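Every chain is named by a letter (A, B, C, D and E) in the order it is written, and numbering of its residues begins at 1.
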Amino acid sequence: DPGTEEPAGGVTFPEGEIGPAEDADITVAIPFPDITMYSMYEVATAKGWYEEEGLTVEVITADNVAAAVSSGSADIGVDSAGTVIEAIRGGVEAELLSGHYCRQNFDFAVQPDITSVEQLDGTAVVLAGQAGDPAEFQRALALKEAGWDLSTVNVEIVYPGPDSATWREFFVNDRVSLIPFYGDDRPALEEYGANIVVESLQNWANDFHMAGSAWLQENPNSAVRFLRATMKAVDFMVAPSAGEVPTNKDEVLDIFEAADFDVADLRVQDNPWVLDGHLACPNLYVDEEAWQITIDTQSLQPLDFDENVDLGYLLKAQELLGIDNEGPSEIAYP
Amino acid sequence: MTATMPLKIVRPSRSARRGSGEGRWRLLLAGVVLAILLLWEAAVSWLQLVPAVFLPPPTAVAASFLELIVRPDFWSAFGYSLGNLAIGVVLAVVIGVVVGLAVGWFPVLRFTVAPFLWLLYSTPKVALAPLIILILGLGAASQIALVLLLAVFPIMLNTMEGALTVNRSLVNAGRVFGANGIALGVKVLIPGTLPFSLVGIQRGAALGFTGQVLGEFLGGAGGLGHLLERAAFDFQMDDAIAMVIVMVIIANLTLTVIGLLRKRFAPWHDDRATVKAG
Amino acid sequence: MSSLFAAPTGLRAQRGVAGFIAGLSPRGRALLIAVEVVLLLLLWQFLVGTLGLVNAVFFPPPLDVAQGFAELVQQGTLAQNAAVSVQSWLTGFAIAVAIGVPLGLLMGSSVPVDRVFGPIAWTLYAAPAVAYQPLTKAWFGFGTGPVIFLIVISAIFPIMLNLAAGIRTTSPSLIRAARVYGGSRMDVYRKILLPAAVPYLFAGLRQGAVLATIGMVVAELTGSSVGMGAVIIRSANTYNTDQSFAAIMLIVLWSVSMTQLVGLVERWLAPWNRRKGAAS
Amino acid sequence: MPDSAENVAAPLIEVRGVTVRYDIARTGTSLMAVEGVNLDIAEGEFVTVLGPSGCGKTTVMNVIAGLVQPTEGTVTVDGRIVTGPGPDRAVVFQDYALLPWRSVFDNVRFGLEMQSTLNSGDWRERVQNAIELVGLAGFEQSYPRELSGGMQQRVGLARAIVAEPRILLMDEPLGAVDALTREVMRDEIEKLITATGKTVIFITHSIEEAILLGDRIVVFKSHPGAVLEEITVDLPRPRSERGAQSDPRYLELRDHLWDVLQNEATAASRGGQGS
Amino acid sequence: MPDSAENVAAPLIEVRGVTVRYDIARTGTSLMAVEGVNLDIAEGEFVTVLGPSGCGKTTVMNVIAGLVQPTEGTVTVDGRIVTGPGPDRAVVFQDYALLPWRSVFDNVRFGLEMQSTLNSGDWRERVQNAIELVGLAGFEQSYPRELSGGMQQRVGLARAIVAEPRILLMDEPLGAVDALTREVMRDEIEKLITATGKTVIFITHSIEEAILLGDRIVVFKSHPGAVLEEITVDLPRPRSERGAQSDPRYLELRDHLWDVLQNEATAASRGGQGS
């Protein structure tokens, strides 16, 4: 029973109740605009779920999300799990609110003529958009597990920029020999004849939400309401079950298009992964395991979970929706 | 009794002179620009020396440009960016000229402050970005701060170089006729330094625009920088270059305005004198 | 002694602090600046480190930066990446000078070139460097190619445009003199325009040195896995801001040293130039 | 310290042991431009200065103007030590020193501008009068680069005159002016000075001019610059060039000055050969 | 077209209907500096030019030097139309035009350097001689800004002389030079010219100088500049200033020139009042 679990930290809400809608404005900072990772806010807004909670949500991009939250420019920030942990360690006055992903796909394409890791010798490969992106280590690990240990060959690791669309363009113009890719890259890669050598899913906390401590103190209700509405949006986007095409595909794509994303490539697909929504957990799951996996895989200094994290808001929101704070049980690629 | 009489003034026909001078160069410039565009189009579309995704041909850019300028959100972004730019550049001019003159003029400041100006100028502004966000937040204030930060140093350092080279005879003359302190600055130093300052201001205005774009990259919403960022993330190079062209147009407009101001306020400054003599 | 007032004219520079500083030897002045730097660092340490005025993650105090520097040195990151950056910088700056000076000469002295090439140059200069990035990577790949390109693009315009301005303001009398004494076009360039424009040229070189450094960092921040820019972004993204600030301070130091070096060369090449300010 | 009770008798300008050395940064040496110059000038006196080129005339004048700090010695004006320029002393510069960004009218106005005189109503008239006095009516709106050398020099003269200072320091103010204008202006200057009782130091290259204008002539020698001789001119005023030339006293003075300068030149070149 | 057979008799320099108008960009107007100037100068002639300041003397000289393109008219030198400067004509500039980054020695050398003369062995000696001629021995390594006005002017003179051109164009070369040096240099110039048979155009403000140096005096009028009168000087050479002054022919010439200039000035100012 979810109600019996004692929330970590000091925040408690009356059993099963939150305060009335407060007519609040919330600014959410994301590192860059992206369909796969940061589009659930658009969905929640479009479906009117934030409005139902009395919220007006504005999404802004921020080069340094932690600084945006720390300065009060944003109330809630989304960033890589490792980055959020480091920011909290560094003393940014922000608290971990919830997680964004509970599974991550690790899909890699290599140039058509390449079939083994040795052939990558002397070429340029992409593992992440920017130097220092924690995902880089994770991807190298995933590649190694799949028999593509890059440390055995002499490759130049390059960083074309944050979005996978950029990686793809460099790839199809033969400027790099290996890239990670996402669902929306797949058609172009297939058309180009790329050799897709690794496809795997891992249980991995990709992004964390953080909220400014001062803001959280003053707006516990809005925080819970924000999480509740966002969870509805994620659920809306997520495929009914692994391997199935999301039933809301067209409606979601309409919403994306209205938010200025280019969705022409996605419209024509009927792949199960067309929205990448199957990767997200509808319950915005975070727990100590997700925290610890992040620290372990990215070789961060240990940092105590209980001392630094208060999941009270997330648990409350989950409780209101009648779901549990649990990660996915099975990890299977569709 | 004097040996003076009114001058015999002849007014030459203006249009005749224009036609042979400025007009010809403008025509030539247009020709050269056209040739460059043609080469570009040829290299990308016909010879395919560069993949069009990396360097879209002028025709594609022009199409994007036309699409861009009919979008209403473009014009609101345009107004937003331009407003911040104007505020930032004006601040930069005032601060840059005053500090530049002071530092150029007073040896004490030159020896104690100037090295730090070079130091700040050299500092990659990315380093200061988090600091700016922490203090000013994401939004107009931090964008203006970045415009100022990028624009002020060229103005300041150029003015400083100018103040250092102001003709000493003129300074002496100013002092003899009672100009001291601020009056000396306003009446001798500023006019004497103006050609240098103007070069700095032109450069500062152009850099200021980069500052505005950087400021918008830092975070927030709205503004041309965001449109550019969006286009760049989607790797829509034609959109991105169309945006850059908008920025270049703005920068060139600024240059033109400064040029006009110079003609208006500094008629004595004849930058063609040498060319004529040579 | 102040350069602005040749020796005895410096009436005003004789009194008080001004007189004291003006009277300092070059070494004394360097010492003064060193003292200033130390005071500034102390203030910074106090405000950020002790008072905690801003969050140290975003703006680490000097002692933390020193720590970060030590880490960079120990890991061997510094030597390796600095070498790459210095090499790119020198190559790029040399190319910028080699192209910028002749073009500047032409622009300053020829109306057609100025009228036709000037607007194009200003336009290229006005275009934000980010605009070039994807293009340079497509052309030059991800190594030092795009970095060198961006250094050249950043440094060439101040050099060229300053030189052109200097040439345009050369006293017409001097050009007349050269022509009267049989100077060919080449002679006018070499013997009149170039020397007369030397102060402007060096002003441009100083700015070019600074902009080249900034261009280098901007280019290395994205794309490359080596170079000081890569060190900065990597450590910043992992919240090792002390390291990233250490790298930034080294870059600033490099840039300032290069401007000083340009000043030294100017004094050596152009001893007639009256200006002797420590700043330039 | 001058005693105020004695001020009436004391000279207006006292140059005491003035030595100026220029640092030559290039070589690290210094050049002794003038050494131990002493000079007393009474209120209302018109002193002309003659001397070989490069002997330090401009230097001494700059010291009096407060533009050059002497290495040794002092200059007092009206009992106060000169530490900088002041409104009591206006200068006509040898190299004109006109502001290139100002028209002739505005350049002349500059002479008034810093004093509060601009508030008094008649400044326009005064500027215009000064311009007419130097024969530049009609060129009010021209910029210096549009003028010939002589015309520029006259603008500098007008700028100094319009300020109506107590002391006028003129460094070859008629050097680039043609013979006729020169005579006209010489007469104008003489009239103006005698009418207003100004104190004038007037550097010239022309022996004739020195005699025709000066109450007293100071002759400089060079290497290092110093006062060689002072000669009182006892010719009656007004003195006209053609009138004077038939005056035996004038001719005598002229010949004497020629001899002084010539002897000095010979001595200098003989002395110079040794070093 | 001059016929080569007649060249011997034809004048070396022919100025034909030269009109120069300066465009004033600021106002969009133009100023008629000189209008319809005609002038013939024979080989070996020493012509001095007199005229009120701003009358266009420098302008005409610049046209002959090939530095200013006349709006109308032509100048031919030795039968060839002047389209630019040439090694046959050297100029002493009114504003010195010394290169600030060169020492005195190098500035003087500049007069030789563009010609291939630097290859011939004796150029050092020639430069040194020129410097000594103008009395600047000992200042070879000084920079222009370290020199007084008169000294700078003499550097300009040395630069022109060292080039040994066929025609010397001198724009007030002694304007800033003191009386004594002036006399000395005037004598030197006269000696040099008569010895080498150079053709000289010498602009001056001094009536005395014009008479003492010139074979012929050209008097300019102003507004617009034009030749007013040409006077042949029939005094025997060498002429010394003091000697000449007792010569009635000299005095007569001087008085005549004064009258010409004065009449012209009165006429000009009367004519000007109307418009």
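By definition in this document, contacts are C-beta pairs under 8 Å (C-beta built on N, C-alpha and C of every residue); 3 or more make two chains touch, one makes a residue touch a chain.
Remember, predicted model here, so these are calculated numbers, not experimental data.
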item: Farthest chain relative to subunit D (centres taken as mean CA coordinates); value: A
item: Which two chains share the largest set of C-beta contact pairs; value: B-C
item: Inter-chain centre distance, subunit A versus subunit D - centres from mean C-alpha coordinates, in Å; value: 84
item: Geometric centre distance via CA averages, subunit C-subunit A, whole Å; value: 42
item: Interchain centroid distance [CA atoms averaged], subunit A/subunit E, Å; value: 86
item: For subunit D paired with subunit E, centre-to-centre distance based on mean C-alpha positions, whole Å; value: 28
item: Multi-chain contact sites of subunit B, meaning residues that touch two or more partners; value: 1-7, 51, 54, 130, 133-135, 172, 217, 232, 235, 267-268, 270, 272-273, 277
item: Multi-chain contact residues (two or more partners), subunit C; value: 6, 9, 55, 58, 134, 137-138, 171, 176, 272, 274
item: Residues of subunit E whose C-beta touches two or more other chains; value: 26, 31, 52, 67, 95, 143, 265, 272
item: Touching residues on subunit A, where the partner in the complex is subunit B; value: 29, 32-34, 58-64, 67-68, 70-74, 161-163, 165-166, 168-169, 173, 260-262
item: Subunit A-facing residues of subunit C, complex; value: 55-58, 134, 137-138, 141-143, 222-225, 230, 233-239, 241
item: Of subunit E, residues touching subunit C in the complex; value: 62, 65-67, 84-87, 89-91, 93, 95-102, 110-111, 113-115, 143, 145, 159, 163
item: Sites on subunit C touched by subunit E in the complex; value: 6, 171, 173-174, 176-184, 187, 191-192, 195-196, 198, 270, 272-274
item: Subunit B - residues contacting subunit C, complex; value: 22, 25-26, 28-29, 32-33, 36, 50-51, 54-55, 103, 105-108, 110-112, 114-119, 121-127, 130-131, 133-135, 154, 157-158, 160-161, 164-165, 168, 171-172, 195, 199, 202-203, 206, 209-210, 213, 217, 228, 232, 235, 237, 240-241, 244, 247-248, 251-252, 255, 271-278
